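In this document, chain identifiers A, B, C and D correspond to the written order of the chains, with residue numbering beginning at 1 in each.
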Amino acid sequence: MNRLAVELPGLSLKNPIMPASGCFGFGREYAAYYDLSVLGAIMIKATTLEARFGNPTPRVAETPSGMLNAIGLQNPGVDRVIAEELPWLAQYDVPIIANVAGSTMEEYVEVAKRISKAPNVHALELNISCPNVKKGGIAFGTVPEVAAELTRAVKEVSDVPVYVKLSPNVTNIVHMAKAIEQAGADGLTMINTLLGMRIDVKTTKPILANRTGGLSGPAIKPIAIRMIYEVSQAVSIPIIGMGGIETAEDVIEFFYAGARAVAIGTANFIDPYVCPNIIRDLPALLDELGVDHISECTGRSWNNGSTVHCGA
Amino acid sequence: MKDMMTVVSNRPIAHRIYELVLSGSLVQHMHIPGQFVHVKVGATPLLRRPLSLCDINQKANECTIIYRVEGAGTTLLSQKARGETVDVLGPLGNGFSVTAAKRGERALLVGGGIGVPPLFELAKQLSQNGVFVTTVLGFQTKHVAFYDEKFASFGEMYVATVDGSYGMKGFVTDVIRANDLSFDVLYACGPKPMLRALANDFPHQQVYLSLEERMGCGIGACFACVCRVPHSETAYKKVCSDGPVFRAGEVLL
Amino acid sequence: MNRLAVELPGLSLKNPIMPASGCFGFGREYAAYYDLSVLGAIMIKATTLEARFGNPTPRVAETPSGMLNAIGLQNPGVDRVIAEELPWLAQYDVPIIANVAGSTMEEYVEVAKRISKAPNVHALELNISCPNVKKGGIAFGTVPEVAAELTRAVKEVSDVPVYVKLSPNVTNIVHMAKAIEQAGADGLTMINTLLGMRIDVKTTKPILANRTGGLSGPAIKPIAIRMIYEVSQAVSIPIIGMGGIETAEDVIEFFYAGARAVAIGTANFIDPYVCPNIIRDLPALLDELGVDHISECTGRSWNNGSTVHCGA
Amino acid sequence: MKDMMTVVSNRPIAHRIYELVLSGSLVQHMHIPGQFVHVKVGATPLLRRPLSLCDINQKANECTIIYRVEGAGTTLLSQKARGETVDVLGPLGNGFSVTAAKRGERALLVGGGIGVPPLFELAKQLSQNGVFVTTVLGFQTKHVAFYDEKFASFGEMYVATVDGSYGMKGFVTDVIRANDLSFDVLYACGPKPMLRALANDFPHQQVYLSLEERMGCGIGACFACVCRVPHSETAYKKVCSDGPVFRAGEVLL
């Protein structure tokens, strides 16, 4: 028995560990460090319809136990991803989850339609944190109806299961999740980054050229855990969890909160071997915890009562 | 490659400038001047810090890094004592093309401030190849100057300081003009305005420039460190993996 | 000239540094460490109508560069605060900002009415992160109309200016701030804690007895900076900023973002002298930055363009 | 009071148990057994760690702390070498009432696991006051036992281990029953179930219990560490500043 194998819509994973979108490019760089086939899956970088250069630099800034990024969706466009990146990745025995982004619903739909037909793409991940240019730049992922509409539209054209990536920058993550579940999403991935900013005291200017950016890394882990805990008890579709994972213990914490698999982002930058290391460490940790199979960990800390907190 | 390297020595050599000697088997993979290592200084700060290789000593299994104490990372690094370890990822990036300058040719090495260190290993290798090395070092002021004598051992060495407290008052470009320095290949590392000035002054010559950019991964995966390429809206190069050294004109400065 | 003096509605501060509510009790403990008169002001612990015991323990959990708390509004009730704590604080030359909390609008109003009459209370701080028991436990601070209504009601009865403390757990902090400004608030304080959670891998249980808690400390600083940056450019009432401040440099970063004064919470636990130390360090830092008066720092990094970020 | 104290020694004395000797002028303020210090181990982790005073040596200006390596904080602490410093806030809290036991009376000291350390300074001071000290130490197993011989130097000393690998198999309460130990004052520190059992077993005697609770400030300001008081819905005591030592019955266990 493979104690780490996990079954999710469209995804038969040999283990539940995958690099998070945008933190692993299209895998080429990490392939120099280890065999990508050891991974459960790979979430590739956000892909848009046309090639994009992204934001001016600086694009990253460090924060206490975290980092801000404002890459700005730099990517070669869906057709080149299909022509160049996915075939290259096909040499590895690893399912690909394609991260789909856009500025309009039409763009998402078109990217999803095309990329979901690639043979090694086993699922889509809709990055709904992007601003909707037709709706005054309000992110798709902050209005339940808009996110639901987008989900439905993408589901209609996708050849593979669709996971929707939740933005944590919302008042009620459970409302969002339920709307997206009802719209037919096959799964959720969460959380994307929190909006943040840093200012350089010497120059008086924001450090990021884009001024604001997305906060990731260990700093956001408690927020991710809380949101996964809440959402996983409110929906019945599976959740791939992410946000600050660095160790096998962190992975178990996400499973206890309700995740069925996890993704690792920022930690890849700190240690390129972090994913294979976690995969290596998990069996011994399961032994220590007296758990046969990692799936048994999902939702272990669930509790039906609702929680209340007052910032005090 | 990633490994724990051991601090052999770590000492101030100028105001807020430290010379760090590290030992470890990773040195056997270090060959090219202008490459850098990505250093995790401790549990905090979170991200690695890119630092250029300044001197590579394969025989002793040692490499030297020179850094300026800026913020949290370099402050912590400055507190590392002999025998302690640091977590090093590298060598990374594409360094200077040593072979661009042939035996008997003249190389002009231009360093500004904390851009000086990678030129040292470059000067060493060029000299070994029989290239004539002239160095121009620019600093803010005398008490942050370093390695001037070491560079002088390879050939002519000029210094410029902004306040005139050491060498010529002014910028490296003033030194080059004043001394009418000529060269077959120019190699430079330093602040962007300096690199821009050099690229402008010598549009028809072989000029290699080492760039800096804030980094995430340091290996080409995160797209934090891109720069634009002429005549394209979407083309780019990554400072960490395509650079940090580029031919002048290859990327927009 | 006092380079640190700051004027805010109801508050003539000798310096813009004050301990944040809930992190300084009613000052008694820190008075053993230094003379409280050095402080710009003191934000006292949240006060409710009746005495409350609060949540079961454990009430705190550590996170990367942060901590979670779920104290649960423990306090002796407004009448004892007025009878015992405020008169004791009156021995110090320091204005008090009274943090007002409640489970119903009526409770807030009653507490505000009573406590705003205490002679050394110079302003109120409405802690609107509390769940509204009459509205299904949805926090007052997450629905603009509810927050506005509460603000109006409290303004009507308060003898002193009213600052409203924004919860960061909202989709659009600018909407909240504007609604509260229009309702007549004299100022804003921000940010309160972010909702988070930690699970103990050994026990499978949440570490906090309350399960979720409020995330504070350096981890949330980039989120606070971003929100203050956005809100300060959208409203004209002053902002007292907080969230992860540890040093004089952090204070300047908050001012650049748009704060006119700052509060320090979690850092008091790490160094009881943090407030006087920052007050001591600020003048030299102003010299370094070439700034005569700290007020000149407010909003230095403002920029009229709006920012856009996509979590990628 | 807060000060940097210097590590004099820091060595393992049992499985994952370390004995740390610190030196500094703060020691001159340390007098009462059962008080604790709140230690900031380094830049990370963020919060301080409460650790009991185990031995106070005013003459040498040194104090001893015994800790078990649990998580990030104590792991980092275990790596501190002689000469390094740690940031110490303290002494904090209300310790054991040494004077509750009079000359010639019998004190029973009961420690469980990592609750043993504060009893050492207590035993020392009681002995000095002419109190007869009997100690019962409970551990999980033999290889985590420590300071047993040190306690034996004050008087009778019993050990219980859960697995019977050392001393009597069972709990401290089993030892007390089996040996019919009697006392004028009982002092205990250890896991809550042990404290509860002791409070239940001796409802009519003077019993002092030292409690543990997760802490924020450690000085009484944040209300993280409260415990309930009998017969009240809202009354409370703070472990950090009213305790950590309470009379049995004073607070709900």
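What we mean here is this: contacts are C-beta pairs under 8 Å (C-beta built on N, C-alpha and C of every residue); 3 or more make two chains touch, one makes a residue touch a chain.
Keep in mind the model is a prediction, meaning the values are calculated, not measured.
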(message) Show me the overlap between the contact partners of chain B and those of chain D.
(response) none
(message) Rounded to a whole Å, what is the gap between the Cα centroids of chain A and chain C?
(response) 32
(request) State, to the nearest whole Å, the distance from the C-alpha centre of chain B to the C-alpha centre of chain C. (result) 46
(message) Measuring centre to centre with CA averages, how many angstrom lie between chain A and chain B?
(response) 36
(request) Spell out, as numbers or ranges, the residues of chain A touching 2 or more other chains. (result) 22, 45, 64-66, 69, 71, 217-218
(request) Find every residue in chain B that makes contact with two or more other chains and list them. (result) 44
(request) Based on the touch definition given at the start, go ahead and assign the chain network to line, ring, star, complete or other. (result) ring
(message) With touch defined as at the top, which chains are paired up in contact here?
(response) A-B, A-C, B-D, C-D
(message) Give the list of chain D residues in touch with chain B in this complex.
(response) 42-44, 76
(request) Spell out the residues on chain B that touch chain A in their complex, using ranges where they run on. (result) 2, 40, 44-48, 89, 213-228, 233-234, 236, 241
(message) Taking the touch rule as given, give the residues of chain C at its contact with chain D in the complex, in rising order.
(response) 22-25, 28-30, 32, 45, 51-54, 57-67, 69, 71, 74, 76, 207, 217-218, 266, 268-273
(message) Per the contact definition, I'd like the list of chain C residues that touch chain A in the complex.
(response) 21-22, 45-46, 63-66, 68-73, 99, 101, 127, 129-131, 137, 139, 142, 165, 167, 169-172, 192-199, 201-202, 204-206, 210-215, 217-223, 225-226, 229, 244, 249, 252-253, 256-257, 289, 300-301, 303, 306-312
